[in-house]
Structure formats: C-alpha cells, structure tokens
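All remarks here apply to the structure that follows.
So that you can tell them apart, the chains are marked A, B and C in the order they are listed, and the count of residues begins at 1 in each.
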Amino acid sequence: MLEKVKEILGTPSDFTAETMDNGYAKMQICFFPGMCDMDQLKDAIIVPFSYRFDPDEFRRLLHTSIGFMKDVPPEKWVDFLLKGYVIIEYEGEVFLFRAIRRMQTKPDQTQVEASLQGPQSAFTENLDLNLTLVRNLYNIPELAVENFEPQNQSKSKIALLYDRAKRNETTLEEVRKRLRDLDSGLLLSAGQLAKKISQAKYRLFPITQITERPDRLSIHLNKGKLAVLMDGSRFAILLPVHFFDFMYAMDDHYEPSWMSRFLIGLRYVSMMLTLMLPALYISIVSYNPEVFRVQLAFTIDGSRAAVPYPSFIEVLLMLFMIEALIEASLRLPRSVGSTAATVGGLILGQAAQQAGLVSSIMIIVTSVVAISNFVIPNSTFSYFIRILKYAFVIVAVFAGLVGVVVGLFMLVVYLCNMRSFGEPYFALFQSKAGKASDKIQ
Amino acid sequence: MIRHRTLLRCLCLTLLLALGGCQMKDIDKRYFVVSAGFDYSDNPAAPYRVTLRLALPSSKVEEGGAMSVVQTADAASIAEAVRHLKSTVDKELEFGHCREFILGRKLIEKDGIDNSLQWLSRRRDIQSVSNVMVGDPDAYSVVNLKPKSERYPGNSLFLSFGNEGTEAANTVTTYLFDLYRRVYETGLDPVLPVANVFRDAYKIDRAAVLDKDKTRLFLDPDETLLFNMTAFGVDNTILVLPDKPLNIVLAATHTTSKINLKGGEDPVAVVNVSIEGFLEQSPPHLLEKDWGGLERKMGKHFSEEAERMLYKIRDAGVDPYGFGLHYLADHHNAKGRWEKWKRLYPEIRFEVRANVSIQGSGLIR
Amino acid sequence: MIRYYYYHIFYVGMMNIMVLVPYVLISHRFDGAVSSFPLAIVFGTVYSYVTSAFFQRFPGLGLPEIYKLFLPVWLANCLNMVGVVIWCTAGIIVLFSYSNTVGIFFDPEASSYLNLAIMAAASLWAASRTSRSVQFTHEVLLIVSTPIILWILFKALFSHWLDWDAIRLVADAGIRKPPSMVCLFAASFVFSGHMNITLFNRLNPKDLKFRLRWTIPIVGTFFLLVSFFVPIGFHGTQAVGNYLYVWSVTTDSLMMKYGFIQRVLYLFLLLYTFLSLVFVMNTWHTGMEFFKACFKKYKPATDEVNVPAINWWICGVLAGLTFVYAYFTNDIFNRVAAELWLVTRFIIESILIVLLLVFLVMKKKGYMKRIDDQHERRSGGASR
C-alpha cells in the first residue's frame, strides 16, 4: 500500500508513512500530519493498536467501528489522503479513517451582513460546521443535503440544500446539472462558484445571492428555494433570487414592522439616487436647466460659474475620485484606511471646490451617491449598481433628460426580462402565485 | 485578434465622444431671463421695445445680493427684438425661468395685447403659469427696478403674485393661460394687474380690465380689492366699515363668492359673497353689544361698494366676471343667445348678497 | 392574473391623450362630441364584455390560435395581417407624435431624429422580448406611473382655475347635437384596453374568472370625461381649439409650489414617456406575435429562454418604418393619420367582435378543428 501511495505522491516532507509493529501484528499507516487531527488519530488507532495485543480484537475493532472505511479503490487513496484521511493496512486489508483536523469549532462573527438584534453567528470555512448551523435553525426532516465533488484542482466539497416538501423540481434539476458540469480550474470561493453557475458573464444584475448568515439561508430554504454551501468558504449561495431579495437586510425581520418598512423604502430611494443623481445632474445642467425650480437653477448656475469644463467632465472627475477613495480605503489595512478617508474627504469636500475645479453642488451629489450606495445591504448588488450608474451618465451626456428616462425604461425592461434559474427576477406580487403553481403541479 | 477588437472598440468610443456634446449647452452658457417687458416705442419702423432682465449667477445667496443686467432693443416685432437682443449678449437666452411679463400701458392702449400674446403663447419654453401684468407708465421702469431686498434676481416681483410670498389682497393674479382663455372666450373678458414702481419697490394694487384687445377701465386699489373678493374669492383680505372715531376693520380670513343669474328678459346678476373673519380694529365691546347687527351693517356696506364697482365695470362694456359665459351656459348656448346677451348686458342689474360672519373680536387678552 | 387585464384597461384609458383622442374630440366640441360619449361608453362596455367572455372560454389561446381553430389557413393569415397592420401603425404613430412632443418641450434645438432614435431603440428592444417579460414590464411601469398621473389629473380637476361654466356650456350644448361618427370612434378608443387580451390571453390560466368587469365602464368614462373636459375648463370653450398639444398646455397650467420640479408639464411628460414606450412596446409586440403566427412552423411561446432572432428582425423593421414615416410626415399629416387610425381601429374592432360571436356559435355547433392541438398548447402556454 505504502509503495502505491508513494508512487503518486513522491515523498513530500510533510507526509508520514510508516509501518508499525506492536510485537504481535504489523500495520502500515500513512497520513499528512498537518491535515489530521492527532488526538483523534491517537484515540482511534494508535492507542488501541498499542494496547490490544490480540490481533483478532483489533481486527474486530476495525470492522465494527463506523469511522473506518473499507473497500476504497486504490486510485482514490491519494484523494482521501489529501483531504486529511488516514490510511492503514492491517492484515492485507486497507482501511481509511477520517481524522480531518477541524480548524474551526465555533461559528464566526458576522462581518459583512451585520445585524443589530438578529443572531450574530455566521458561516465558517468548514462545511460540516455550516451544515450544523443550518440544521440548528432549520430543524425539520424535510431538509435535504446533496453532496457534489467537482473534478477540478481544489476538489472542495459542495453541498446543495433544499426543502424536499417545497422545492421546485425543474429549478433543482437545472442547478444539479450546472453543479455537475463545473469545469476544471481552481475553485476558491463561493463568489467564484456563484459566477460559474450563473453562466452569463455580462449580466447587469446578480442572479444569485451570497450570504454569510444561516438565518437568511433558512428563510430562503423555507420559501422553497435552494442554497449551495462550499467547503472552505464562509459564504453560502442562495438561488434563485428576486431583485427585491437584495434590498432586504435580515434586521427587517427582527425590527418593528413600521421601522423596517421605512428602511426598505429608504433603501429603494437610495438606490434610485445613487443610480440616477449624476446623470440627472448632467442633464439638468447641460440640457434642461428650466426643469428644476428657479432657485435651484440659480444656485447651480452660481456654483458652476468658476468651473472651467463641461458638466460631464466634472461628474466623471468627481466620480473617479470617490471610486478611488472607496477602493483605497477598502484594500488598505484598517489602521491606514481612516487616514486615506480623511485625506480624501478633505480634498473632495473643500479644496476642490475652493480651487474652482468642481461646483459645490457636485460635491453634494458625489457624497449622496457614495452614501446612498452604502445603504444597499448586499455588497454584490451594490457593486452592480455602482457600475450601472455610468451607463446612465453616458446616456445623459448624449441625450439629456429624455435619455435618462428612456434609459430607466430600458433598465426596467432588462430586469423584467431576466430570469433567475427560470424564475422571473423582477415580477411584482409573484411569490404567492409561484406557490400556488407549485401546488397545482 | 482580440487586440484588434479592443482597438475597434476604443475607436468607436472616441467617435461617440466626438458625436456627443453637440447638443449640450451648459447652464453657465445661458442667460436666464427673469422678467421681460414689452413697450411701444414711438418709432413706426420699430414699434416694439423689448426689455429683458437677465440674471447674473453668483455663488452666494444673500439679501440684496441679486445681480442682474437689463437689456433693451427696438424692432418691428417682439420676436425680432428678442433676436436682436440675443446678438448683444454672449450667452444663449433662456426663457424657461421667466415668469413675469410686463406689457407697457401705452402698448396696450395703442397696439392691443394680441401681438404680445401671440408671441408669448407660441414660445414652448414660456410657462403657462407666467404672470402677465400691465406696466405703468411703461414696462421698462418696472423691469429696470432692482429692489434691494432681493435674494434671487426677479424673485421679488414674482413673489408678489398669487400666494407665493405676500398675500396682498389687492393684487390680481393673471396667468398667461388665463389671459389667453379670456381673450378668446365669449362672455369673459381679460383683467390684468397693474404694476408701477414706488420708492424702490413694486406697487401692484390696481387692475386693468380689457375688452378683447385694449384696456377699457382701470380699477383703483379699493375697487381691485372688491373685485378680487367678488370675482375670485381671494382669502386674507380686509373689510372696512367707516365709523367714528375709528374705522371698524374686519380681517377676512375666508371668502367665497358665487355668481347667479336670475330673471329671463330682465336679468339680475346675483353675486353671493360670504366672508368670514375677525375684527382687527374696533371700539371696545362693540361686538358684544350687537354681534348680528354689526355683521349685517358690514355686509350692507360691502354690498353697496361692490355694486357700485360692478356698475362701473358694466358701464365700461366689459365682463371680467364671466356673466356672459354663465348666461350662455344656462341657456345651452342656443342660437342668437349671445346677441341677446349683448343687448341685455348694458341694462343688467346687480345684486350683491354679502354674508359677513364675524368669528370673534380678535381679542386675545 | 386578472390584474394584467385591468392594467391594459387602465393604461389605454390614460394613453388616449397621446393618440390625439382629446384633440379629435375637442375639435368637434360643438358638434356632437359630447353626445357620442354615451354611445362610446355603451359600445366600449359591450365590446369588452364580449371579448372577455369569449377569451374566457379559450384559456391560454391567443387570437391567431383561435383563428386557426375555426378558419382555413389563408383566411386566418389574412386576418392576422390585418391585426399586424393595425397594431403596428398604432405604435408608429404614437412613437412619432410622442418623440415630437418631447422634442418640442425638452430640446427644440436638437434634431428630432435623435429623440426618435433613442425611443425607437428602446421600443425595439422592449417589444422583441417574450410576452411574459412584456407583461411584467407593463405591470411595473404602470404601477410606478399611475399614481402620479392620477394625482396630476385630480390636481387639475380640483384646481380653482378650472372654469365650470365653460365645461357646463360645452356639455350642455354638445349633448343636444346628433352624435358624430368620428367622435364615437375616437371616444371608444378609451375603452379599447380589452383588445390586448387577443394576444395576452396566451398567458391566462385555465381557471381565470373575469371578476370586477363592472369597473370597465367606470374607469373608461372617468378617463374619457377628464381628458375631454379638463382642457376645456382650463382654456375656455374657444381658446382650447387653438392648442396643438392640448394636454401638455393643460398640465403646464398647473404648478407644484413645493416640488423640485415646479412645472407639472415636465413631470407629466416624463411619466408619459414611460406610458408611450409601454404602449409602443405592447402594440409592436402584439403585431410581431401576430405576424409570426402566419408561419406554418410557428409555435406560440410565451416565455422562451432565448429570444428568437426573428423578433429582432420584425421589430427592427418596425423601427425602420417609424423613421421612414417620420421622414415623410409632419404634424398635420400625423394628426390626419391618427384620426384615420382611430376610425379604422373601431371598424376592425367591430368586425372582430362579430367574428368572435360567430366563433362562439360555431363552437356550440361543433365546427371547431383540432381540439387535441388546443389541449397541448394549453398545458404548454399557460402553466402559470
């Protein structure tokens, strides 16, 4: 056995392969010490082997304990070894023992989707622990878990979760197919997986949602939808999703209902602002200054008096600055990040305007755009909105206010034309109807 | 291959950039016209004198900080005059925020309002809710005035109308669409406020009643107030009952008026006015003594005054109340009715039924 | 799902302003416009009852499929082509007149083709989507814009500048005249939202009940009266005839004292941009589907994953036709065309109603073909 393994693996220095002898029987054992839980190994194999001198007794142990797998074809051995299994050969029989070292034993803290009053536990990078978290919250026998192991270089385990009583069979079949057809290459995170199973590359909106919260996943499952968990990623993928799902924060379920309604309204308003404001600024300033009330027109006129270039250059300049600032403070270490924000804020807030490079109204527009963008609770979605606003800016440059409105129309058409795994993405009042149709089927 | 495609895309983008911007005209490349005045210049070759007040942008908004310039041009028509003015300034003229149009008194008397109205109603960028008024003695003096208290150029004049800023009771508000309707309507005649300059401020307390084209009658401030109350039911007015040693003044907070025509061959126009308010000035304990009597006395006084004004308007041969339209509506617009009404109107009798109700003595202590 | 039916009723009621219905009616305000209203209300109501009752009996089937059930192929195709022409011209006329209106009020200096190009491109794209997407778009935009449009209408209705004497005069004088045919045709357009069911019935499920049908005359009458009388109230009995864009000027006579936008006109135009695009989308889409139904291979589908290329081609041709129309026409001719279209529409609608009644009789007598085919489609087309 050892020769076969060594043939494939070579002899990496973090690999242990030995033949043990307790005086009565011999046992070949090999494993990666770094990937294995040594305590488990000791309790399950080393101690019994060392103190049970009756070979028969040890044989019985190997055969009865559920921890030992027998009859694994030799070509799979290495795969298991690389996952942290231990392989032993005892009396000519090969057993695999699962002694994977668990890095995490307790749930993470939420980081991306913070909640004030909701549960604070988030998914970890360990699939088993994640499944435990889900099972704890969604504790019914209908919860089904299907495992997938894509044949690529990272071979991370993927679990597909759904509620057997409520799921939609066609969607499920479609997702299964896509998970099976994952191509080769490194698969490192849930985001990457989501991108791969969404297939279309140039979509303007995400059709899967990525979350770190088990409670969100449970609610999603309860609606009869699917979730995908991946080993090594602390995010789950929810699908199919609706446009409106992205505007929900989990707190909306836990806060008083008037407050959460107000907040949801606020988010939609913010989304429209961050999407449209730069475009509206361009079209008002350059095409139709008569549309807005007279005081506003005069204020804009006055503040733009010193600006040397047309409005769209001004907008692009400021948007570039704010995007650079956001990107910089995101990637910098936390201690330096605040410095960047301060410097950037100073430049954007005061100096640029006093130097006559941009108008003071534009400063306000820029900050509203930035702040509103942060209000969107889902970060993937807010990225998409961030990039989409440039489309509106371009339309505004060429066609003014009419262009913006027509652009908005096209956006609605686009959204209505989108399907997330066969389900309409942007249909109002659809959830009830969807359930009704499931019952009919 | 891929590089070629990228190159092509870049090229397209550049072309697109070149294409755009041809329609663009930035806000700082435009002059906002804030008020416009039309006068009659005694030159027969170029009878129309157009005066425009253009706002100059300033980044600070403060009291008296409004900057503007006034430009004048004479031409054979208003459109030509505006075209001339365009060539004298360095930016595009923008009428979208111009809501004050002042017609010189002489222009209306000599030429009528038709030509000005045609120009005003054809420009798409001129708002239908612009205020139209008569400038006395001419439009230039009204446009040229720059009140010290103005924050935005042109704001001061604009705020005088409607209930935007002040709620002056004897300012008639006539919007452009209303003027246009009145000029064409059978049995309804236009009425315009009259603005003149008085000590660095606008004084808009009179009204001009026009037939379809020219002024027929000017109402003085008191009559304008009565007209406003009876024709439009304007709120927040005052009602004065002469008394010794001090006049009794009712601050009317709420006024409604309704027109009714009675009698077939010898019609009586009944104007029902109900006025609610509280006493702003009166001898002490007057109200307590005879509440109902005071109400009746005030009503009677109001009726007499209003009837006098109505007869004055009737005798001038104009109908800003729309009695004629009301008559036609009552009689199904049948044939010959309009001719009959034209016969009847000079002889019509008026009856103003004023119902004054005093809400309180106004005393708070 | 019944709500989709009423969306169409509602938006056609509001769209009448852009199909120049008020213009036609107002130009006849002293000779028979008002007296044709009761007739239009009766016709409109009866027609919508007939169509809804008819299509209720054929769930999941569009008009082209029903033609094929009862008629020989060549006749069905002819009728389909009539539908194509009447639907698509409606879209073209509205697209042209709306892009003109927008051009006049938003940027008169710009080339009118620029606006037309943008809007045609948007309509092309929207109309070539699948029926289900079109329906969703329709719903979203209608729900967004209807409250604001109604608010504007009510603001106008309760404005104290509205001259009730003028309205009374026109109503009183008009009701005594014999009804005019053109006005009947124009006014009945307000009620013609039910015609959209001819295509969108494909999406209707088997057990659809047409509830609340009594609201149709109420909604239609409301929009009809408002769109005719409010301009008269604002501009008087005489001056109202001088305006080309009656409703644009009427909304311009309103003011939002506290809004960011002070001129209601701009808000109104922006909202009607949505509605007009929705109208063009619906008409072109219906026309496109009718056209596709003429081919033998065609199978009606309501929610394909990928839009077939033919959709692009047909809508592209329509957008091109709009440009050709814009090149050869002007405002005056467009008005004549709109009037002609209104007349033709009513006549064709009447013929269709008769045809539907005949079909009903034929069904009862058992002259229907290919019943099994229908079943297959019902399960395929209208699962939701």
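Convention: a contact is a pair of C-beta atoms (placed from the backbone, for glycine too) under 8 Å apart; a residue touches a chain by one contact, two chains touch by 3 or more.
Treat the numbers as computed from the prediction; the structure is a model and nothing was measured.
A.B. asks: Which chain would you call central, comparing Cα centres to the global Cα centre?
C.D. replies: C
A.B. asks: Where centres are the averaged C-alpha coordinates, which chain has the largest centre distance to chain C?
C.D. replies: Relative to chain C, the chain with the farthest C-alpha centre is A.
A.B. asks: Which whole number of Å gives the spacing of the CA centres of chain A and chain C?
C.D. replies: 45
A.B. asks: Just how far, in Å, is the C-alpha centre of chain C from the one of chain B?
C.D. replies: About 40 Å separates the centre of chain B from that of chain C.
A.B. asks: Distance between chain A and chain B based on Cα centroids, please, to the nearest Å.
C.D. replies: Chain A and chain B have C-alpha centres separated by 63 Å.
A.B. asks: Give me the residue numbers in chain A that touch at least two other chains, ranges are fine.
C.D. replies: 287-288, 290-291, 294, 399-400
A.B. asks: Which residues belonging to chain B are in contact with no fewer than two other chains?
C.D. replies: 23, 25, 125
A.B. asks: Multi-chain contacts only, two chains or more: what residues does chain C have there?
C.D. replies: Residue numbers touching two or more other chains: 107, 114, 263.
A.B. asks: Going by the contact rule set out above, which residues of chain C touch chain B in the complex?
C.D. replies: 30, 104-105, 107-110, 114, 161, 163, 165-166, 168-169, 172-173, 176, 234-239, 242, 249, 252-255, 257, 263, 265
A.B. asks: Enumerate the contact residues on chain A facing chain C in the complex.
C.D. replies: Residues of chain A touching chain C: 287-288, 290-294, 296, 399-403, 405-406, 408-410, 412-413, 415-417, 419, 424, 426-429, 433-434, 437.
A.B. asks: Can you tell me which positions in chain B touch chain A when the two form their complex?
C.D. replies: Interface residues on the chain B side: 16, 19-21, 23-28, 30, 32, 55, 57-61, 94, 96-97, 99, 125, 152-155, 158.
A.B. asks: What part of chain A is in contact with chain B in the complex they form?
C.D. replies: Residues in contact with chain B: 284-291, 294-295, 297-307, 310-312, 360, 397-400.
A.B. asks: Hey, which residues of chain C end up touching chain A in the complex?
C.D. replies: Where chain C meets chain A, its residues are 1, 3, 102, 106-107, 114-115, 118-119, 122, 125-126, 129-130, 132-134, 136-137, 139-141, 143, 259-263, 266, 270, 273-274, 277, 281, 305, 383-384.
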